[in-house]
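Next up, some structures in structure tokens.
Next come two complexes, and both contain subunit A; in the first it sits with subunit B, in the second with subunit C.
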Partner chain A sequence: MDADLGLAAQLAANGLIAGSLYALLGVSWGMIFATTRIFHFAHALTLAVATYAAVVVVDTARLGLPLGFVTAAAAGCLFGLLVEIAVYRPLRRANATQLNVFLASLGFLIAGESVLLIVFGPEARTLPGFPLEGIALGPVAFTTIEALWAAASWALVLALLAWLRLTRWGRAIRAVASNPELAQCVGVDPPRVFVLVFAVGSALAGIGGALIALRDTASPFMGVQPVLAAFIAVFLGGIGSIPGAIVGGVVLGLAENMGGLLLPGHWQGVIAFVVLFLVLVFRPSGLLGAAAR
Partner chain B sequence: MEFWLHVLNWILLLSILGVSLNLLLGYAGLVSMAHGALFGIGAYAAALTARDLGVPFPLTVVIAVAFTTAVAAAVTLPALRVHGEYLILLTLAFQMVVYGLMLSWTDLTEGRTGVSGIPRPAIAGSALTTPTQFLPLIALVTALAFAVGWRIGESPFGRVLKALRDDERATLAIGKSVLRYKVAVFAISGAVAGVASALFAHYQAFINPFSFTLDRSIFLVALVVLGGTANLLGTFVGAVLFVGLPEVLRFLEARQDIVDAVRNLIFGGLLVLFMRFRPEGLVPEHSRLGRRRRPVTAPPDVTGAAVIARSGPAPDGPALVARGLAKRFGGIRAADDLSLSLSRGKVTALVGPNGAGKTTVFNLLTGFLPTEAGAISLDGRDVTGLAPWRAVRAGLARTFQDVRLFERMTVLDNVMVAIPDQPGERLGPLFLAPGRVARAERENRERALRYLAFVGLAHRAGDVAGALAFGEQKLVALARLLATEADVLLLDEPASGVDPQWVARILDLIRQCARAGRTVCLVEHNLEAVTVVADHAYFMEAGRIVAEGTPEALMADARLGEIYFGTGRR
Partner chain C sequence: MKRIAAAVALVLSLALLAVAVPSGPIAAAGGTLKVGMILAMTGPGAFYGQVMSRGAGLAAEQINAAGGVEGWKIELTIEDHKSGDADAGVTGGRKLMDVDRVPVILTSYSAPTLAIQPLAVEKKVLLLNGGGVGSSLVNKPTLYNTRMLSSQTAPFIVQWAVQKMGAKRIATLFWNDTAGQGVNAAIKATCAKLGCQVVAEEPHDIGAKTYSAQLARIKARRPDVLALGNFGDDVGYAVNQARALGLTGPIVGVEWTPNAQKIGGDAMQGYTIAVDRFDPAGGDANTKRFVDAYKARHGNVPEFYAANYYEHVQHVLRPLIQRIVKRGGNPAEPGALLAEMDRAVKEGVAFESVYGGSMQLGADGTVAKPMGVYVVKGTELSLVGRIVGGKIEG
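Then we have the complex of A and B:
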């Protein structure tokens, strides 16, 4: 019985750790999606490109981990801007449908992953230099890297929340997300806001990618799985709701990990899917979304 | 030689999957990012039943089809309520889950080792093993798949799918059950994919999860999109391109992963460029290639009233009576204990200031919004709470303020699709009674041309609807509404946003409809138009009817003028 409780505590801790990263990626993607309505699949590429930039700085040039994180944020930010300006903006001007914009995003993702593979090779790369130690808290054990995941994710998520609520630009973003036409009427310029959310959201994705590479590795295709978790977090929580994306991320992390109590490990992914399936069937607007879409 | 035949077999197998996806993506506008997974489910079903249970070949195809059909239909359960980006997410997640299970559920799938020793099919006593021996079978099945796909896509059924793709609300508003068509198209798509997957398993004699990745799904989407959506010839072209290009890239003599990356780079880049410069793909939907286009001509004897006259004797009493309707949005009462009645063969107008709730009334009457109280009866029959498409079938149809034509379809198809009870909309007659379907199609085509002649647009029948001027689009919307054969017609701002020259014509057509026995109710801001066209008017303010009478009497009421023009102190 005690062993079971210990296991449950450990799984809950794992779930919270994974969930904080999902929350970070969820808000980074959800902010872009809610504002621009682009199903920005190439976010996965932003994450990978930024992580490779950090790998070059830390592993190749040996400039130290802190600079690596700064690079990841900067590279993510610039790359996100590039995608918005070079890919999405021309499509919007050509009145492309939402589906076609998504398909372009998909094309950009697979083309970009291929470039990464040709340039850096298929071998996984690492982001070395973080002091890795185990931490035991009662029945729960985790590593210093995982502690950093949780701490950094929550710091960034809370900072973003504060920024969105308290600053002029943050309010402009929320205005465009809730009603673009109306926002335009009160003097907010949607194209500039789009650039802004891509810059901020992509920088956060870059940091997320670097955090992942600390514990796991960097590879050209590293972005898809975490970004899919971000999508799920956003839809679970409710589109357009930043707190929703945070809740969605944590729920997803917990569901995936706590599911291990009931089912064998390889069903972990199925649990996430079932949760998503049920929410879409019974509450399509998401856990924290407005009741009507 | 064997090698090139193998390439050909691959092209054929992929093009079957392409047909399956094109029905969903191209015709019905429903994205599936899980076609790779679906392909895998069918392949494993066929492989495992053939090898471990000794099920003989043709039966394994049936089993695979059963699995993929059931799975495709089940996954779409939430997709029936949601669409667009939700569907992308749902299918994406499903793809990842299934791929994960194929890798990790080793008791069943043997993980990354894969399933080997899948029995080769035996036909007439001799086993098929080489690509040459397989080619006739695969070619035959491919031809069948294309025939089925073409039959479905280019039929009245396919026409409803395209309507669904272009505008889901408008599809409901012409009386088609969106739900039924969605389930059906997912199931058909699943079944076609199942056939390809079973053939694949037997052909390779070995399968592992790496054939069923997200990449495979993405490539199938790219294949269909680059080839051309809603055009099966395009899908074949796409398959040739997608299988052919990697074979050409072999001449690079680089490492396999580099070759793959170059291929992905090319296809990814093409996808971005096509979406920007040629979103319709290599072989566009309305291309003359790959389909017969009969010239569209109007029937010689067109008189308006003949086609729009209501059939059968008219019952007594008002055509439509609504009592005590109510609807709140948050704190706002958009409809508050609202009652009205529409006299048969008359034109009734709903007027009032912006935000009075006029369009809400239409939404409540036609079932687009559920009413919170009250009842609606049509010819004495209770129609309260009917789904929008059922209300249309009962004889109560509406247009939209923003027109909502099916923009990528021709003008003729826009009207034809609205005609009720077409035998070709059901799969049974479509495949089993082609003669009846063809006959009905000829009649409906003629009928649709008459509706178009009535509104004066028969000469535009072959044009794509999105290319028409706004005024012409409103007329097509009217023809489409008439084609539903509904008795009670609700027109949401039929004359607004239209050049004055069109206004007179539209008003005249509305009068003609009423004279022919149809009951008309319209919402209109152009008060002059209301005075010309309406027999009776209701004045609405803040969700309530505050006055009724002839349009002239209402116009003369100074108090109402104040409400309407906002000159008072309110």
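Then we have the complex of A and C:
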């Protein structure tokens, strides 16, 4: 019985840690999708490119981890802008369908991963510099890096929420996400807002990638799995809802891990999609979708 | 006029015949032998594809620079199984066998190797595996493994855990594929014999970087020892996360790589394995020659995956080609290399090895190489027990 309670507590802690990161990545991808309606699969490449930039700064140039995080945010931001300006904008001008844009994004991701593989090689690269210690709270154990995941993710997510609610640009983003035509009528320029959401969302993805690399190392294909989790978080929470992406991320993290009470751990991926399926069947707008609109 | 036309036709026919039949006596005197490889060139296992292709490539370069083997130069053609995807393996295998018409394929990973094996039987293509360790790779016609399989190594790690670590409750964390399942099955079987209990069995996807749910379930079962049935980088991630989650007991396994060591960091201290280990600093003249050449070519010390595929070309294919040519055959002919390999194994021929000494291949497709139990000390492996005649000494 004690072992079961201990297991439940440990799995819940694991779920909250993973859920925090999913929430961060969920808002970073969800903000771009809600505003531009682009299924930005290449977000995974942004995450990987930004992480490698941090690795170069921290591991190769030995300039320190704080500068590594700043570099990850800056590289993510610039790479996101590059994708918007060089890939998506020309496609929009050519009246490409959503499917065309999605395929272009997917192709860009695959090509980009191959370039990373050629440039950096297939070896996993570490992002050193953060003290790794175990933390034990009763039956629950986690590491200092995982504590950083949770703390940094929530700090960034809450800062983003405040920015979206309290600043002019934040309100412009919410306006375009809600109704682009109406937003245009009141003087908001959607193309500029698109650039802004790509910059901010990609910077957040870059920081998320650096957080992941602290524990799991950097590799060319590192972005797909976390960004897939971000998609699910966004659809779980409700498309267009930033609070929904946060809730979706936490629910996903908890569901994946708490499923371990009943099923072997390698069923995590299946549990994620079963939860998504159930939410979409019984609440197609997502957990907070309707309320947020 | 008719005579001139007939003469021209005759000359043209002879010319066409010469072009259309490159084999036979002319080809047997030398030529290019195509060697196929199906490796993990992309995906989470891309590191292995890189080092394996480097190992084989180095051997091919050395052979070609020396004028070939009995005049036969080696040409490598590499296909990608995307880190263990059996379908991708079959696509690559078909291309190598049907388009490139290779007489030999160097494979890796258990699932793609097993997937292409029936095709290889049909086309009489020799398969050499130096990476996959699944116990189901035994007794497969055309397939010879130059790496010891999980069914051969895993029992010794359980033996070590029980005898030296006092293990009574063992938990397993393993790849959810043929190789990992094979290790898990071997651990369970050995545990049953030695009187210990497997208290948790947790599979995981190949290339997974997070094991939080599996390790939490394992921790709840309070094992004395955690036994890993995973490979490559996954070992480093698993050991690191197990320690972080508070699993303080010994961790044992069947694989260690320098890259996994780098990933696992300090958590790898005390990690113990039973393997047929390639030691770049040990061995004999063959080892030194290989290590020096690899360092000169690639700037780093080779690890055992590079060694296994170097061996395939330099110490298995080279003598096979020599044997075929000496008996007047053509190694590029379909089935020639496979037949020669079968013959050599039947005769008990020992192939040279960069592990030191020689390696003996069995008719069931397994290999016998020097084995030992090693423990991580600092950032290196240290030998703590030799495995001789099925027993651990030390």
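A few comments on the model shown:
Criterion: the second predicted complex is superposed on the first by the 290 of 293 C-alpha atoms of A that agree within 3 Å, B and C clash if a C-alpha of one lies under 4 Å from a C-alpha of the other, contacts with A are read in each partner's own complex, and residues count from 1 in each chain.
Definition applied: contacts are C-beta pairs under 8 Å (C-beta built on N, C-alpha and C of every residue); 3 or more make two chains touch, one makes a residue touch a chain.
All figures in this text were calculated on a predicted structure; none of them were measured in a lab.
Once the complexes are laid over each other on subunit A, subunit B and subunit C cannot both fit and instead clash. Residue contacts after overlaying the shared chain place A:217 against subunit C, while subunit B stays out of touching range.
Contacts of A:141 after superposition: subunit C is touched, whereas subunit B is not reached.
In the superposition on chain A, contact of A:122 is made with both subunit B and subunit C. After overlaying the two complexes on the shared chain, residue contacts for A:266 are found with subunit B and with subunit C alike. In the superposed model, A:114 makes contact with both subunit B and subunit C. In the superposition on chain A, contact of A:100 is made with subunit B only, not with subunit C. Looking at the shared chain after the overlay, A:87 reaches subunit B, while subunit C stays out of its contact range. Within subunit A, the residues touched by subunit B in the first complex and by subunit C in the second are 114, 117, 122, 225, 265-266, 269.
Those residues of subunit A that touch subunit C in the shared complex are 3-4, 6-7, 10-11, 14, 17-18, 114, 117, 121-124, 126, 132, 134, 136, 141-143, 146, 215-217, 219-221, 225, 256-257, 259-260, 264-266, 268-269. Those residues of subunit A whose C-beta lies close enough to touch subunit B in the complex are 33, 39, 87, 90-91, 94, 96-104, 106-115, 117-118, 122, 224-225, 228, 231-232, 235, 265-267, 269-270, 272-273, 276-277, 280-281, 284.
Those residues of subunit B that touch subunit A in the complex are listed here as 29, 31, 77-78, 81-82, 84-86, 88-90, 92-94, 96-97, 100-101, 103-105, 214-215, 218, 221-222, 225, 257-258, 260-265, 267-272, 275-276, 279. Per the touch definition, subunit C reaches subunit A in the complex via residues 42-44, 46-47, 49-50, 176, 201-205, 208-217, 219-222, 233, 237, 240, 243-246, 259, 262-263, 265.
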